[in-house]
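Okay, so subunit A shows up in both of these, paired with subunit B first and subunit C after.
What follows is the complex of A and B.
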């Protein structure tokens, strides 16, 4: 996608195409010879896994849409028809529903990987920000999708999330009405959410192309966080990483299939097997697991507008990370202090997720969960806005290796890669 | 030559700016229908009204009706509930306004301005936080500390006048427009 091309058309046909539409050249340079650091570990296979997940959601989604009916009176039953009557409908729907969870699991691993190895630091700031944009689009897509089966959780989840906009002063209520197309969530809302749920994955696919473009200009970061200095530090993407990615993808698919075939409702909520009822809110409203940490932040603040600001701020914060980290060293492998605070962040995010799944007044081990959520939320913001800038200035990083090749091969560095 | 060039440049600049401005206005005008189509359609705007027969409701009981697609609480309050609602100092409330569609916007949240007939409290069953339906509190099954309602979504508590007392909700439960046709029939909307 960038940099000098190594494509060398062999046949006459290839030369003919290359002179008119150099698509084979583009593919050759992006997925074949692309020089990739030789030390990428398992955490670097999740990019490929994410692309796979998007493909799975699009294929299963389009086939579901052949049977689904976006109408408040018919939607719930059309999903039941998919489950009971449509040939393999149960399989396609369970792949789609669990696929969303797998997609988020992969994206969270992918993002924490980026945080740990400092992949957001110069010159990869735009790559990181485009990633945050994809994450936002994924959340919107999954939210719209979750509304479609029109069960109790679909309906009340949609009500609570769209009402977040009503917290905006002055225009908030108008925005909410505009989103609903009515004075409450209803048929008009369901129809537009289906339209957008169909559209957004293709927008995501487009943004993924930008993401990969922005990756291929500076090239991959790597677990050492040091720059590629010579060709010895790299191996061609194919076959080295095509094979490595494929291997871990197979393991991932086995894990994924375990849920689809043995526990297909593991991530689901039983309330969503009840048709939407605008008069009765289920006793516990819980979003899908991947939104729980944000939900816990929202609930930990006893003020509507502030709660919404904090929740939105938690996501917007991610955009500024490249400039909040003041360290010269990228990878946490060489940042003894930062490494500890990083794991603190992981623990806080998991804790927030746990709190988000409890009822508001839950008390566990004698501790009110709302306080746990408050402390974890404070840590979340402190991590990015205080700890990151300060640690970068005061920490003494460990000594960096001279090169990737030397770190991987030791004394053998200098011998040509086989 | 130089004069001609700069002259042409000015005319070209003018045309460029003029064309650009007209184009921008046109683009905004063309975008508007695509934005406005998402607002409620005329069908959704043709709001309905509902007539409710109150004879079936027992003292201390609440019945939930559907009004404009959303829940409507009609609660026949006991003398004790009315007393506890009256005893509250309006200035101590998180939201001191009546939020009563039958009164001016500035009316205060005295119990008499929340329920015109003290026995009948009629409010929208929509939590002013994020829109869940709060659970009603009865002496047998209390919900929250204030005897009115508790919203399980994020813990907002309302009193027996439907006023917010605790939790993230910013406003009192809204009182819809209604008129009593007779002592036992009320028209909402």
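What follows is the complex of A and C.
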């Protein structure tokens, strides 16, 4: 997508197309000859895995929509019809439901990878911000999707989340009513959520194109976090990374298939196999696992409005990371101090997820979970707004290698072309 | 989240004894389900056909008196992966069941005496419901609503083990100091310990045609197997396909690994 094109049309037909709509040239330069650092490790395969996840969700989702009925009286049973009477409906639904969890698992690995190797730093700020936007769209899409089976957790999850907007002063209740299309979560809400659940994945797909475009202009970052200096530092995307991505993708699919075929309800909640009932509140309303860290932050703050602000702030913070990190070195591999604080962040996010799954007043090992959530939340914000800027200024990074080629090939590599 | 699933095995061993009551410290938190074994568990588990057919009998003769199973049709009884009735057997079972008839050609839904018109069910019909509506169901059950059983196994934490424990948990003695509410029954596996459902199973409460002794445990095992199938009728197909998919993916991963090694041989 950037740099001089290496496409050389062979046949008359190819030249004819190239002069009119150079799509083959675009594909050739993007997925064939694209120069990619030769030292990308396993964590760099998750970009391809995420593209696969989006494709799977769109294909299974369109198929499910052929049989699903977005009506508060019929939705629950239409899902059961898919499970029982539609040919391979059980397979398509289980892939779609577990696919959402796999999608988030992959995106969290992808994001932490970016944080660890400093992939958000110049000149990749927009690439990172577009990624945050995709993540935000994914959360909205997943939330809408979870409402559609219209089970108890669907209904009450939708009620809790949409009620968050009522915390906004003065206009909050009007916004909630506007979102519902009614005075409570009901048929109108279900219909619009279905409409948006169908729309957003295509917007995600469009933003993914921007994400890849923004990746292909500066090129990939790499585990060393140093710039590509000579052609020796790179290999063509095909066949080197097509085969590597394909291998790791299949390993990921084996993991995915394990849930689909042998524990399809592992990520689910039993309450969602009970039809939605506005008159019966479940004892515990729990969102899907991938939203639990934010849910824990929300609940750890006694004031509703403040809780909503903190939860929103946790996501908005991600946008500013490129400018909060003051270090000149990208990769944590050469940042001994930052590396430790990074793993602290990972631990805090997992802890927040754990706290989000417990009841509000839960006490484990004699420790009230709400306090664990509070401390982890404080660390989360401190990491980005205090630790990141300060460490970048006071840390002495380790010596960076001269080039990617020298680091990978050792003596086999010649002197890097300056 | 069901992380509890992972710790279930350990917890089961510790909590099956009556001493668990003491550990609960008087709180009416339900006990962890018992460690029962079912043929359909594990990656290669299938439903035991005998248990499914006996379980259907228990469902029909005992549970169906108060509980509906709206998502099940008589045709399901003869479908692959199910109880394994022949189509003729399933049809006979359907014909024996009476369901409300559609309006006749005069548009009437009741006979001259005002009784609703009834007809025999067909393979295409759903299982009959014991009550015409929710209010009727509550009126006959001290205000409680007997839940629909189609998805009951998947709709409860602890799944089959929970239903099995509940059905066999009525003989436990209430701990000293615990008052069983008037008109309710003590069951330590039920949240709050007070359950409106009377003990449904009795020794030899049904007579099995295959000669199996109808103990309470046996009936519970059979009906839970039936209800597990009712909730997940495509389980056998799912596990069978899963095995094929896994073999295919592992072979594919092997081939891709070989290709990966070959392509990268000189690159690092």
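Quick note on the criterion: the second predicted complex is superposed on the first by the 414 of 418 C-alpha atoms of A that agree within 3 Å, B and C clash if a C-alpha of one lies under 4 Å from a C-alpha of the other, contacts with A are read in each partner's own complex, and residues count from 1 in each chain.
By our rule, contacts are C-beta pairs under 8 Å (C-beta built on N, C-alpha and C of every residue); 3 or more make two chains touch, one makes a residue touch a chain.
Note that the structure is a prediction, hence the values are computed from the model and not measured.
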Which of subunit B and subunit C A:116 touches, first, second, both or neither: neither
Touching partner for A:260 - first (subunit B), second (subunit C), both, neither: second
First, second, both or neither for A:281, with subunit B first and subunit C second: first
Which of subunit B and subunit C A:38 touches, first, second, both or neither: second
Which superposed partner A:143 touches (first subunit B, second subunit C, both, neither): neither
Those residues of subunit A which subunit B touches in one complex and subunit C touches in the other: 283
Touch list for subunit A against partner subunit C, complex: 38-39, 77, 80, 83-84, 90-91, 94, 235, 239-240, 243-244, 246-247, 250-251, 253-254, 257-258, 260-262, 264-271, 273-274, 283, 286, 289, 292, 357, 408-409
Residues of subunit B that touch subunit A when the two form their complex: 38-41, 44, 64, 66, 68-71, 125-126, 129-133, 135, 152-155, 167-170
Of all residues in subunit A, those that touch subunit B in their complex: 156, 159-160, 162-164, 166, 177-184, 186, 188, 192, 278-281, 283-285, 298-299, 301-305, 307, 359-361
Of subunit C, residues touching subunit A in the complex: 1-3, 5, 43, 71, 76, 147, 150-151, 154-157, 159, 191, 231, 233-234, 237-239, 241-243, 245-246, 249-250, 252-253, 256-257, 259-260, 263-264, 267-268
